[in-house]
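Okay, so subunit A shows up in both of these, paired with subunit B first and subunit C after.
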Partner chain A sequence: MSGVVFALLGVAIAAGLAGTGSAMGVGIAGQAAAGVVTEDPNKFAKVLLLQLLPGTQGIYGLLVGFIALSKIGLLGGGINWDMPVAEGLLYLMGCLPIGIVGLLSAIAQGKTSAASIGIVARKPEQFGKAMLFPAMVETYAILALLVSILAINAL
Partner chain B sequence: MSDRSYTYAVARIRALESGLFTTALIEQLLGVRTYEGCLRFLAEHGWGDADTPLEAGAMLERERQKAWGTVRELLKGDDEVLSVLLYRDLYHNLKAAIKKTRDPGKHTGRIYYEDCEIDGRQMEQIVADRDWQALPAHMRRAAQEAFETFCHTGDGQLCDMMLDRAALEAIGEAGEHSREPVIRDYAESMVAVADIKIAVRCHETGKSLEFLRRALAPCRSLSTDRLAAAALNGTDAICGYLEGTAYAGGAQALRESPSAFERWCDNRLIETMRPQKYHAFTAGPLVAYLLARENEIKTVRMILTARLNGLSEPQIRERIREMYV
Partner chain C sequence: MAVLQMQKIGICALKRDRPAILEFLQAAGVVEVTQEEAESGAFARADMLEERQLAEARAAQADRALEVLDEYAPEETSLFSGLAGRPPADMEKFGRMEENAGKILEDADQILALQKEIAEKRTAAARLETEAESLTPWLSLDIPLACREQGRITILLGTVPGEQSSEGIAAALAGCGPDPERVVLEIVHADADQTCIGLVCLREDALALEEALRGIGFARPAKSIDEVPAAYVRGLKEAGKKREEEAAAAENRLRAHVNSRENLKLASDYYRLCAQKDEALSQLWQSEKTFLVTGYIPARESARLGERLSARFDVFYEVSEIPEGEEAPVLLSNGHFASAAEGITASYGLPAGGEIDPTAIMSVCYVFFFGMMLSDAAYGLIIFLACFLAIRKFPDMEENLRKSLRLFMYCGVSTLVWGVLFGGWFGDVVDIVSQTWFGKRVTVPALWFIPLNDPMRLLIVSLFLGAVHLFLGLGIKGYLLLRDRKYMDFFCSVALWYLLLFSLILMLIPSSLFAPMLGVQVVFPAFVNAAARWGAVLGAAGIVIFSARDKKNPILRLALGAYDLYGVSSWLSDALSYSRLLALGLATGVIASVINQMGSMAGTGILGTLIFIVVFCFGHLFNLAINLLGAYVHTCRLQYVEFFGKFYEGGGRAFEPFKRSTKYVKIKEE
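Right after this comes the complex of A and B.
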């Protein structure tokens, strides 16, 4: 079996899991945002920003996916269909951090964003502080992104 | 805990909570010296609708309808939470229907809650037909017993006591079986505070131990036997018993004055609900909002009545409930 199969599996995990997590996170925060806007449409801009925060993991997954595809040669041409299985597995391993952490952190961030939207609903002047709570979750998605990029670039 | 997602509902409630009266706003309302001025103050703060007359009854009723309408809409299909909140109204309708069926001319005007599971007209029909099976399971036996007792004795107080006890038992049981922590807390607090109130009133009216035992509903945080025994021995005995329980504040309020005790009873329920301010995904904040609105409406009604009757400032302040926000 060609190592390309494993490498592409890694790409699918990076983009797929992180994207799924973001979709779920944005969905959770979106429900809360809709609840607030139902009663107070003036808070639309503030709650929209909070809703968007869990969307970044999907972008990170996409970025790692692109880098991996580029390194494999699927984007620029010159793919080596006889890639060793071990090399393919290394791509897969490199993609795992952003895939797994992206999925879980986006869901957690969505819940935190929903809770922060509750703060904005009651005390809109505390928007800055409310932003910080979900932003803290982002740290771990960024760490996973860095590890994935460094690992794939090193191959 | 329920599998249902309350994210949208809680966020909407959070937005609505910003419109709840704070202690500062209640102070401002207290600062308004006239009854008409108070009504204008309420209207300025969004109470009533454009077509609601500037009249206390209409404004307060409209606010109650708004609160229930919103929570009903948000809890649509979630009978576990909604039904427990409506038990009091449901049993009230049964009490009213039994009395009206027996003495039709005596009970006129608006005596029913129309926005609950069985409205007044349906309840009257059920009582007239003795169709107890048409009632929810938890009401059937109590309804039949209360009806027969009332028909034989004509004792409205005894009938009320039997149905009040059944209502408290139903609330307590719903709380025990509920997956929602807020319903468990609400039921426990509701039943315990109601038992304490019953004990105090029974002492004041000189009821017997047998009456007390029939009236007090079982709950986990109080021993009804000890409470009943204390009620026979006077206010000090009730206070002495309460001081050793989680309801020690009630003892202090009872020693202070009857109105301080009534205030403590309402405050205790709001205190139970206060942790719901920090939940973002459960039904808790919805229940808490509804109770907070009921509490707010009750406080405003008290202020308006006091203004109308020219009560003094300290007398009014003694009756002011703690606000949820």
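Right after this comes the complex of A and C.
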């Protein structure tokens, strides 16, 4: 079997899992945001910002997936269909951090965002602090992204 | 460039000048009125609650009238009206508000009455419509619904539930007594819900027949009407139409009030100011002939206010320093550049007593890091131009909004610079377009290096900048301790940490861990290595011994010291946190190239070019928006958590002067 299969599996995991996580996170936060806007439509811009925060994991997944695709050579040609299985597995491993951490951290961040939207509902002037709590969660997605990028780039 | 020095003032004046002086202070807007404890029993506070509530109710009434006007005759607003701010008030008109406001409120009353009228007419029309609707099944009946008895016969009219046939009903009537031959049954209307029937019978049979019909759920019409249903429904519809017309007429009359919108705004703000004056008034101590204002004032304003007051009124004006232990309210004052970031400081917390205003240093770091995270020259240019033009176009913009836009304008410049350094112009649009359309790949050269080709290098740069930022924070803490003459604290919690951390960095750089990251094996001379080792040992030992020096118990002291030394791990995590500079920078560039790639996939024909343009516009708009948000949030985080965490706590109370705070119009200071 060609290693390309495993490499593509890695790409699918990076973009797929992280994207799923972001979709869920943004969804969780969106429900809270919609509730606030029902009460006070003027807070729309603020809660929208908070709702978007868990969306970045999906982008990180896309980023890693894209870097992996271009390293494999599926973008712009030059792909080696006889890639050794070991090499394909290496790509797969490199994609795992952002896939797994992206999925779970985006969900956790979505819940935190929902709670922060609660802050904005009662005390809109505390927006700066409310924004900070979800940003704390994101740190770990960034660290995972870093490891994935460095690993794939080094291959 | 800092927190403004505050002073306390006391103003004692004659009661006859009270309205004028309050008016003057409100216009000046530099004094925060405070409630002091009374020194003698001769003073009392005036109870202004009623007046204040009345003024607030009037302002609210004008507001409601404005809302109604907006509903029926919306004001023309552009997409950017949120940026425009409050327009300046017509001062001549505003000056005459005292006499005119009452009349304007009558206008507001009329508007509200009209709104009520419209609502009532509409409800009435809807009710008539419903009634007409409920009579629809009877429309084919050509006798009045109320018609019951005529000579010897009785007419029974009513409904039975469900769809029934005349045979079914006749079956229900069979055996109840009267001869079926003496009964005439007619189905007026039948649908799935109900069947309307008419029954003609002899008067003496009526009772028994109705009883039998009740057995299958017969009910007479809810309302007995002395008219033929069709004519009656026609009447209802006409009445409903009339109500609608009346409502429309009332709406037109309401729209005619659109010209009073400006006046209503002025009146609302006038009463708002009155309420604020009443509130201030209720905080003042008053004797029989005099009154007393106490409050905080920025020191730079106090002399001028005193002069202006003394020139116009007979007052006793006293300025004193803030007593020890009293927390003064905080007002920040920064230059053109730094003041743009005041909002960022304020949303973390204003400096509490004794802290310095971090805005000046923070604003530089903010703009620097923001640009690095977004790092696309074209995006930077767009942000810069958008903010610059908005600021120029809307001179009446609210001050806070203007500051934020100014901050983003500078961030745009920073983004432009970093984009040029990293070679990002809408990602790699030049490469893609030149290769796809012109067959020759042209790359805009990066002034420094392209991050995607060398992420390791950017990681090192990020961590280095992070270390500088963190050490800067620690340095400010050191400065504060030195300023307060806490030399021992400076030595233990700043100097020793500098020694330890620098030594650790010097030890790490030549280690085999760093060699692959830097690409070269760094070799320091032996004495540097030795100095680093000894520095680390001394620093660590010093921290263990000195950090808990207020504890008597030596074992507890060393244990707490060791725990403090464990804080070195938090420095590591703080430094690693700056890797987000790399991650967010790469994210912008990579998504931009994905968009460009996608756009170019449709080929080079006319259609392909069109698709490219559409994908390009929407894609980059999306990328800009999402990364702008990311850069904003994560730059804030780096300032709040990593930087402020080293030296700044915040928690100060904002200075809230007694001033003309209006909703609709801006009042010029005379």
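We take it that the second predicted complex is superposed on the first by the 155 of 155 C-alpha atoms of A that agree within 3 Å, B and C clash if a C-alpha of one lies under 4 Å from a C-alpha of the other, contacts with A are read in each partner's own complex, and residues count from 1 in each chain.
Definition applied: a contact is a pair of C-beta atoms (placed from the backbone, for glycine too) under 8 Å apart; a residue touches a chain by one contact, two chains touch by 3 or more.
What you see is a predicted model, and the numbers here were worked out from it, not measured in a lab.
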Clash or fit (per the criteria above) of subunit B with subunit C on subunit A: fit
First, second, both or neither for A:Ala33, with subunit B first and subunit C second: first
Partner chain(s) touched by A:Leu49 [first = subunit B, second = subunit C, both, neither]: second
Partner chain in contact with A:Lys111 - subunit B first, subunit C second, else both or neither: first
Cα-centre angle that subunit B and subunit C span when viewed from subunit A, reported as a multiple of 10 degrees: 50
Partner, of subunit C and subunit B, that touches more residues belonging to subunit A: C
Which superposed partner A:Tyr140 touches (first subunit B, second subunit C, both, neither): neither
Per-pair minimum CA distance [subunit C against subunit B, superposed on A] in Å: 6
Residues of subunit A defined as touching subunit C within the complex: 49, 52-53, 55-56, 59-60, 62-63, 66-67, 75, 125-129, 131-132, 135-136, 138-139, 142-143, 145-146, 149-150, 153
Partner subunit A, residues of subunit C touching it in the complex: 344, 346-348, 452, 455-456, 459, 576-577, 579-580, 582-584, 586-587, 590-591, 593-594, 597, 626, 629-630, 633-634, 636-637, 640-641
Subunit A to subunit B touching residues, read off their complex: 28, 31-36, 38-40, 43, 111, 114-115, 117-118, 121-123
Touching residues (chain side subunit B, partner subunit A) in the complex: 5, 7-18, 280-281, 325
